[in-house]
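We just call them A, B, C and D in the order they show up, numbering each chain from 1.
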Amino acid sequence: ADTLIQNVPDRFGFGKPASPAQIARLDIDVRPDGVGLPAGSGTSAQGAVLFAAKCAACHGPGGVGGPNGSLVTTNSTAGKRPEKTIGNYWPYATTVFDYIRRAMPFNQPGSLTDKEVYALTAYLLHANGLIDEKTELDARLLPTVKMPAQPRFVPDDRRGGPDIH
Amino acid sequence: TAAVAVVQTSFARGLQIGLPDVPDDPTKRMGAPPGQVGTRSGFEKLVKSPSDISSRSPLQDFHGIITPSDLHFERHHNGVPVIDPAKYELIIHGLVERPTVFSLADLKRFPGVSRIAFLECSGNFRTGKETMTPQEICGLTSQSEWTGVRLSTLFREVGVKPKASWFLAEGGDAAVMTRSIPVAKGWDDAIIAYAQNGEALRPEQGYPVRLFLPGWEGNASVKWLRRLELGDAPWQTREETAKYSEPIKEGKIRQFSFDIDARSIITYPAYPVQVQRGWIEIRGLAWSGRGKVARVDVSTDAGNSWQLAQLDEPVLDKAHVRFRHLWQWNGAATEIMSRVTDETGYVQPTFRQLLDARGPDMGGYHLNPITSWQVKADGQVLHKPENWR
Amino acid sequence: TAAVAVVQTSFARGLQIGLPDVPDDPTKRMGAPPGQVGTRSGFEKLVKSPSDISSRSPLQDFHGIITPSDLHFERHHNGVPVIDPAKYELIIHGLVERPTVFSLADLKRFPGVSRIAFLECSGNFRTGKETMTPQEICGLTSQSEWTGVRLSTLFREVGVKPKASWFLAEGGDAAVMTRSIPVAKGWDDAIIAYAQNGEALRPEQGYPVRLFLPGWEGNASVKWLRRLELGDAPWQTREETAKYSEPIKEGKIRQFSFDIDARSIITYPAYPVQVQRGWIEIRGLAWSGRGKVARVDVSTDAGNSWQLAQLDEPVLDKAHVRFRHLWQWNGAATEIMSRVTDETGYVQPTFRQLLDARGPDMGGYHLNPITSWQVKADGQVLHKPENWR
Amino acid sequence: ADTLIQNVPDRFGFGKPASPAQIARLDIDVRPDGVGLPAGSGTSAQGAVLFAAKCAACHGPGGVGGPNGSLVTTNSTAGKRPEKTIGNYWPYATTVFDYIRRAMPFNQPGSLTDKEVYALTAYLLHANGLIDEKTELDARLLPTVKMPAQPRFVPDDRRGGPDIH
């Protein structure tokens, strides 16, 4: 059937301008360069208390084991594949903050304060040996944390054809 | 009078009940009158198989290429939210000229488009024992007709800036699911979908609005869509780093492998079916995220020789296709399998070929191997498990 | 522990409930877990409109080209029977070499075929008042993907004799519905269908087996099919004489007018919608029983000028096609309408043209006129009734 | 996509031979030439009694009026279109027998004996002025009844293209 691409206007004028306040209410994402991180800070020690109360039931004491998976790298048992954790598989530290803030605790999503998220992030980064115990984690420091897995990540370079790798 | 009785008694209007008692001779008993909403026959027991995080479509029970909406596979990261369509809003901001908020009614006013396309979870592969059905092996793929507004139309409406190269799609579910998507996909064929198989999206599929990225791994087609932010780099969300990435050779981890690699599977005969000697129509589904299915070949001798299968029309871009191959089984034990080739020349690999190409650390995503079924001499059909881990 | 609670409490498995209470912020509450069978959102109220003898599909609520199976129109002559698929039999006899009885399992073993095609009742036309919806005007048309065995395959199996020119199709419902069909249609594209939109036929559509005659008036596609008899002349059943025949000119009564004439209707905007000034995407369905839709034209000035509409892919043989036309409404009262042309060159007529061609005794079947919607200055959209009887 | 029409066998061998008894159980149709009519007979007088008891509630006393439509032709009221009935619209008398036997009475389909169907058919044909009151209707006579509408019936002769008539 022959069809004709119609004259589409530049704009239809449907929808309403989004105000800065409307955007801010939802704009919770955090980028690897730290854009999106809120004010506030937290330490591993503060995080340890929170973790034991709100997270350990699902992720194990100290973030190891637990019904919903380890978050902390341990020496892998011989012959067993190491569990993927923040320490051995996550390429960006900012993702830890972003994900915990949006999705955890699983049964009370969106319930943590920014300060609590900083503290839990500090706790998990420290438990994985990625920051110092004393670090007061904040918007400036978090993007600077070096993640061991980062250099391993590559984008898909396949473009169809016979390549199956 | 009798005439009045016919109209007013017999059955209640509205929702029709599936399985009343079965008459000896249905021609001698008045049937149920026309209703408002039909139901599946009570004799048909079609069910997805739910786990804590997903539910698999019963591929072996399907005919044709459309998946009934209530049997579309599910995968979500903290359940199906309840969203009031009257309060629903989609906000688009970031590197745009005019940050804008759209109601559901706004979205429906734009020029729309419908297309039939599959949606597959990139984690759609299980193996390990002989007693596995197509549903268990790869029930995380389904197909619908999707209707919505082209994302390119909304991009023009909000004035996406030239330097925008990625956008973040965010869901309004309890996982507040996020994925970074190249802007080029938005200009190409992405749809902001509000309908599925002729009606509103089903709750499990993103009601009232989802992103739909034809041919791409299902997780990227963010459901219950609440926000799009245009930016100049990927966000590196947990879903595109810790999840939906796959270890390949030399210690590398591949991410943003969006395309669904071409795949096919025989859905009949398959475990737990037992076949009889004689003519058997081998049936299955084939698809590719990179374009159209070019051909499907079937082997009935464990991969030694291959024959071209027939494809039901229509053969659509990035869509499940139904293939059929007529086979006369002589009763000797053998293996049957299918292999798809897509229009880019990609040929569905064996599991061994995948392992050789990706190495021993090969991850669990984007596994699309040729699936073999063992046909035993007694007609039992069993999955042939892959040797992995 | 908390983890256990997540999995085991929260929601029941199985059938998911449509409309739990709506949370203020769905991102802060765990959603419903994956289930066995989904349901339509509780916010969506899609219903057919039942009468004593039929139930009309809500065309104005549909998107795309697939009709959800539970909203497929119904027309039956004494209700929907309950037939046990395990006891189901199709008998083929008469002018055949080998009278044969097939179980449902037998039918499914033959090579199958799927195709997407519309089904329309030839009595699908109402007019008479301004406050009529597309559902009321022509809701007796729907579209599905139909799967089954080609009747030609069964004809070969039973050895249809050369002198067989008609066959009788008989239903197992309380009306024991019968129609005479030319054998040529059986060799051409008739299907003995057992599936619809990927799953078993719905009870209202002939479960477990129906005849499906692509492009032909719905009544001929006999549901709940129990018997086919091959013969050398039509049976002149009540349905093809007293019913489904139409008075035309010179006192003649036309029968066996099987083909559905090409038709289209704008389903948006349509009564009871009220539109706003500005850009409006006019949407609708077009189809022809004689082949593919070649083009759809839309007029927004009461038929004075026409513009080519866009068609969503795929444009299939004997199938509903979704058309779209972008219109900038300036707020002045007008009339909008669509006109389809099929690949045989048939152009959808006006009601007046039909009346002129068929004469003042024109019957109520096979009426496919161009349907006009009046757009009032306040945006109200009303049907423009035809002047008839 | 290129597909190949496969080598289809002459027969698949699915299904079972249908025995004469199996066929006879379902083979209830009646053709215009009378093939399919059973033994037995009936008169209009017998039919009148049955009609009053089993049919008149839906089709009116004497087959005129009633909530489910007239079966008997009457002089049409001036200006009103005549209701379509057996007398003015049905082309074959055999159809009356076939339809009543398979589908009526609507609320007890398939409940009539062949003799009752002959009698009801005789009653309706006589009421429509098509047979004599005394006729003992049977398989031989029924196909010979001349129906006024028969010459009016023509098959569809349209074959696509611009013809809309």
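We take it that a contact is a pair of C-beta atoms (placed from the backbone, for glycine too) under 8 Å apart; a residue touches a chain by one contact, two chains touch by 3 or more.
Values in this document were obtained by computation on a predicted structure and should not be read as measured data.
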item: Separation of mean Cα positions, chain B and chain A [Å, integer]; value: 27
item: Computed distance of Cα centres, chain D from chain B, in Å; value: 50
item: Gap in Å, rounded to a whole number, between the CA centres of chain C and chain B; value: 26
item: Multi-chain contact residues (two or more partners), chain B; value: 27-30, 78, 109-111, 174, 176, 279, 326
item: Per-residue multi-chain contacts in chain A, two or more chains; value: 8, 12, 14, 102, 106, 109-110
item: Touch-based graph of the chains, sorted into line, ring, star, complete or other; value: other
item: Contact pairs between chains, per stated definition; value: A-B, A-C, B-C, B-D, C-D
item: Parts of chain A lying in touch with chain B, wherever the complex brings them together; value: 8, 10-12, 14-18, 22-23, 26-33, 81, 84, 86, 89-92, 94-95, 98-99, 102-103, 106, 109-110, 149, 152-156, 158, 160-165
item: Residues of chain B touching chain A in the complex; value: 77-78, 91-93, 98-103, 106-107, 109-111, 153, 156-157, 168, 170, 174-176, 178, 226-227, 229, 231, 233, 235-238, 241-242, 245, 248-249, 251-259, 261, 290-291, 342, 344-347, 349, 353-354, 357-358, 389
item: Interfacial residue positions of chain D with respect to chain B in the complex; value: 1-9, 12-14, 57-58, 66-68, 102, 105-111
item: Chain C to chain A touching residues, read off their complex; value: 1-6, 25, 27-30, 278-279, 292-295, 308-311, 315, 321, 325-326, 328
item: Chain B - residues contacting chain C, complex; value: 7, 10-11, 13, 16, 18-23, 26-41, 43-44, 46-55, 61-72, 74-76, 78-85, 109-116, 145-147, 172-174, 176, 194-195, 197-204, 207-208, 224, 279-281, 283, 312-314, 316, 322, 324, 326
